[in-house]
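Multiple structures are listed underneath, in structure tokens.
Below are two complexes that have chain A in common, paired first with chain B and then with chain C.
Moving on to the complex of A and B:
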């Protein structure tokens, strides 16, 4: 997962006279005094760690849990996730709770050094004192200390300086403020989505300095779909074609629990989110997230896809006279699973008609799936990891563009076509070769 | 041809067997499902400039003559020669199949009933080596010419007799060579996916109306009309 790591490039550009501004005085994480006498609950803290998906970045296979070591590539060099076990030398064993809260809210280490926003403190700032307190207790008391050394810093030595400036310009370190006009479930959902579950770090579009264009529901750009690392996290707002407008709250909750729904199945990074985090949430929390997402107004429609189901695409194929190369390729390579009418088969083979991943403004996920295939996560609710084979070895950029365009413009899907250049860019981002002919 | 030649041929054959047998016992090449390695095969080599890697010139003439008669070019469609079947079989002999690498090839060897399957210790390569030699020797004795030099009608007649088990050899049962190898491999090269080097331009599939390697036709099963689209091969090429 590379996530927000590209930030650094913009930071370097913005650096300028930043050096003077980045003083060493430690910011105040504004922890309530009541926490001093509170008894934390490490068991609930373990659940907070699941909600926050810390393991996604801080655990790597073959290394102790939460001992760090994942490289997130940035233009300024790789940033390595840290050892966050309570080891006193290599981990965060010497962090006080205030130190921990400062890191989680302002991205500042006890020694004043700034972490890159690849660590999503931009979202975790919303987390309550109590949840952080429990999370801290879990990390300090329940996680075994691992003496795994952190990687030598991979980013260029001056890359951390401008982050103070960037934080001043873009970071909102205030806590989540509940909306008294809304119910408890809605507020819980908003709290999770904006904070711990950090959905916005992937799903909110980014501005020129790679900042998220919105951090909460006050702007209709929040969660309106983005683009990162050869993928395009979809629009989670109420738009009927590329958003969740036609989904019920139950559909969303089902997808978060099982990785699949009547409308689609998760692929790529969203598969990891479901596998490591959302499938372990309580039904109430998934329901709250779904209720909150369903309350989001549609993002501005201009330039977005449309959807109006039609049988014309199927009829054209069944007439025997279809000559469009994309349509023929879909018939040759895709229809056995996704069917000629694009409907797929229940929860086993996702429908492509009206599928927000297919209709997304940026077709990167669609292209990536065709090039390298996909495998659903195996979840307790739906254990079978149904898979799609890769086609990047079989079709060149133009051929992939043709079939992707057909998928984006059939069965009522109305999204712009895909160019060979777009396919080439994703192929390069994924490090895949072009088929030899 | 004299009895003498026959016996010498037989001796040569027996010398050949252990040598080839040793190759057949070497561990089978591991087969990996590696998509990168399954890039499209080079287009079926044209007959004109093809240099057989396994067959000797005499054998090559036999294989071409047999192919031309087993699936001739006629009003139904192109023949095995046009679709590159001789080249296919020559290259097939270079695969693990040619050396029977994946078969159980240790004794004891009995003459079993057909329902017990292939019982011989001969690999496909040995079948061709010995089978062609025996049939050509029989043709030479009976008709004064090897198979390739006979006219088409006589060639058909010879092949029919071989298939019916009427042509005998001390080296091997020629009807088994004919049905289990020669005819079978010709059909494989003619009807198989072009990625294996035969069935040039999917012409065999076009001839019989086979739609090729699409995985599923559910939408079409209750349609009364013939399937309207041309074939597609395993590498996604359409014809």
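Moving on to the complex of A and C:
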């Protein structure tokens, strides 16, 4: 999410010069008049900040909390997350609540400047007046003001204007609307997933202008898996192979609490999401998210992986008939933990059979894990940061492709082969060297 | 001018097993805890990542995980008349270093203790009479009972995810387990590991000989496991790289796999590496520890004030710190008085290789540190010692721990020693070679002790610890007894030949050949301050806010591997500090 939404920017930089400047009048964030007399709850606002995972981008180690400074590299140069403490010069200390709501819903600062959609206002637009009001109170009252200067965006200033056009084309500035036909838990889950938790930012596929193809549950492309930043966030819909079709709601809630479940463990940026946000959610909210995700119909199956558990792969190995070089490498480097049957072991060593990360349409995450290793987050529920070592130093692109293909096509996994070219692209994106021979 | 750090509630010297246990238990009690580790930080990934860690040259030949003897070591001698010389190369025993300590490179054998060993002087006197104790043997009771320790043995096993089968739950014999074991409160957290070929043959043979084989308890997990701290452990895959190695897949219990992930989440815990503690500081009254002084990674002297000091380093370092800090009266072998350095012991180990014909596959490349079948028929006082005239016992086992070319491939007596005929002999024998062993208790003697070396100093300018130890007649006759048992078992297993090391009368402690790292004693626990350095709560008799952990508190040797008892004593000490000491700081035992 952090970098990928900035690809939007790259596109707009190219188009920007030719595009007419849009108007700079401030849009109306449509806050209910009732808010004017409401007393906000900053303690609940702190929880809203956890739900929205503000710290993921706005806090960096070694700096005051929420003082910004996370570098987000783009082809046009780095941009930086901003200071959202109540400092009056560098932070949001002079923002009125209306200013704050406008930024959260329409991505427009009080001076009319547009923030980049790296800030997921496309999702936060779904958030209620009350939650935003509490979040505002938390940021203004409970977060210490930090006089940390924001980084200048440098060459990118001119690219902000065309975002207004992009917003007109793609941004749906409407609040979440509860479905009266569904229960309270489902609606709570839908509200969180579509709004504060901004799951779609990473898990929904993007269109030609890098817009998310769906922003709510009306399309079966919503949360159907994506590809960005050299990773492939998984399909969260009901598909049995690459989705959550075989997961129970408890499995999903366990993963959100601990970073691991019987089916899989989180990798990459999802590890940070679990570490900073979902592990601190209430059981009820994790249950609501799980219930909502379990209600999502399968995405169109065309081009997706299949899964039907089989002992044939293990039999081929045990009988000595397996000659696939990918299988040999799997036995050599992977099976100590993931076992010859691909089942792993409990919560400690992730299963590869039927694992959505393995079966994703785009194998980028699987390739990245093999190349650079992975580490589970340390959570209160499961403190062990179980780690897989890297193998990119040991295996070249062809060899990684062979082992990735073996993993995607064994124990009942039915996903397309991985090519050396795909591995090369991920290796390049990760800045990893090819092993010398 | 020393740097002075901010005071903490508790400073812990060493972050291995006992340091990690005390740290998490005292941090949970709300204290601000700082651990000082002399070595480096280390963890499964990247430090023991497959395949780089399974490097026999780096780990077994060059001792990658062990104490750097060029910085600090010990001196050794057999007798008070000898001049001690420095231990310049790793040989007989293997002190660890770094975060996790010896908990990284241990095997995983996870036993308890036989109850009578904790009151051996009383027990021997009651059963065999006072005259059965030979001249010069310093038998003592430990001042603690098995029943007091049972909940803490249990706790440590459930933290480790230990694999085994109970033989006695609450006094009721449980079929399939060790019939000699003392009562445990419940079943092991995990079932036993699968038996490799050596253990299968050993169990069959010992059963035929009328003995009672059982699955040796192993802190190598047989299944995935989540421990009471929430830490995840993966199942062992029998790769055969345990002793000398960090575990590649989170299977062998270590501070890293079982405690540190939870400990690192605690905001009132912190630790420093490359912090080599040289002294426990005391107030002018000599009765209060005020903290410690350490040398940091840049060679600077740093003072760390603390309200409580816990010595949780390896045995050798704990004893030396007591001596160099002048806490407690140093032991004098001439008078038998004094307590620091007293009752230094070292487990005796007999090991023989069993060679089988070509139809019997042992496949020694696979194994696990703690896996095996064992018998306790000759452990502690499970047999009548009267006719044999020695005190002590041992556990006999058929383990299979993994064997590779650099670690040495044993060959039958008379096999060629070099060239192509040696290669052929290796080829003929490797897959058909097992090993069985007897590990025996070593009693305490008036002339076996630890003190500060008058000649040699380490890189920090501190005198080295000096060991004075040799095998005594009692131990050597016991060893011969166990040698006979081993050879009989090897024969019953169907071995075509058996050969190895059986320590006999006339032999001396060979400091060059690896035996085990099970050295113990030196700061004994006990009920009498005249013969012990710490009370039953591991609290210094002289400095009540100083606690001393580790096998150095053993009063004399035991038969089983020490780690289970060391861990249980650490949990016992932590529980009593938390429940009693913190409410009313001061001596927990009045004399």
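Definition applied: the second predicted complex is superposed on the first by the 416 of 437 C-alpha atoms of A that agree within 3 Å, B and C clash if a C-alpha of one lies under 4 Å from a C-alpha of the other, contacts with A are read in each partner's own complex, and residues count from 1 in each chain.
Everything below uses one rule, namely that a residue touches a chain if its C-beta (ideal position, glycine included) is under 8 Å from a C-beta of that chain, and two chains touch if they have at least 3 such contacts.
Since we're looking at a predicted model, the values are computed, not measured.
Undergrad: Look at A:333 in the shared chain and tell me whether it touches chain B only, chain C only, both, or neither; answer first, second, both or neither.
TA: Both partners, chain B and chain C.
Undergrad: In the overlay, answer first, second, both or neither for which of chain B and chain C A:381 touches.
TA: second
Undergrad: Give one of first, second, both or neither to describe whether A:320 is in contact with chain B, with chain C, with both, or with none.
TA: The answer is first: A:320 touches chain B but not chain C.
Undergrad: After the superposition on A, what does A:395 contact: first (chain B), second (chain C), both or neither?
TA: Touch partner of A:395: chain B, not chain C.
Undergrad: Could you tell me if A:347 is touching chain B, chain C, both of them or neither one (first, second, both, neither)?
TA: A:347: touches chain C, not chain B.
Undergrad: Under the contact definition given at the top, report the residues of chain A touching chain B in one complex and chain C in the other.
TA: In chain A, positions 332-333, 336-337, 339, 390, 394 sit in both the chain B and chain C interfaces.
Undergrad: Taking the complex as given, what residues does chain B use to touch chain A?
TA: These residues of chain B touch chain A: 35-36, 38-40, 213-216, 218-219, 223, 225, 228-229, 232, 235-236, 238.
Undergrad: For chain A, which residues count as touching chain C in their complex?
TA: Touch residues, chain A against chain C: 260, 332-333, 336-337, 339, 345-349, 373, 375, 378, 380-390, 394.
Undergrad: For the complex, give me every residue of chain C touching chain A.
TA: Against chain A, chain C makes touches at 43-46, 49-51, 223-226, 229-235, 237, 239, 248-250, 257, 261-262, 264-265.
Undergrad: Using the touch rule from the top, collect the residues of chain A that touch chain B in their complex.
TA: Residues in contact with chain B: 314, 318, 320-321, 328-329, 331-333, 335-337, 339-341, 390, 393-395, 399, 433, 435-437.
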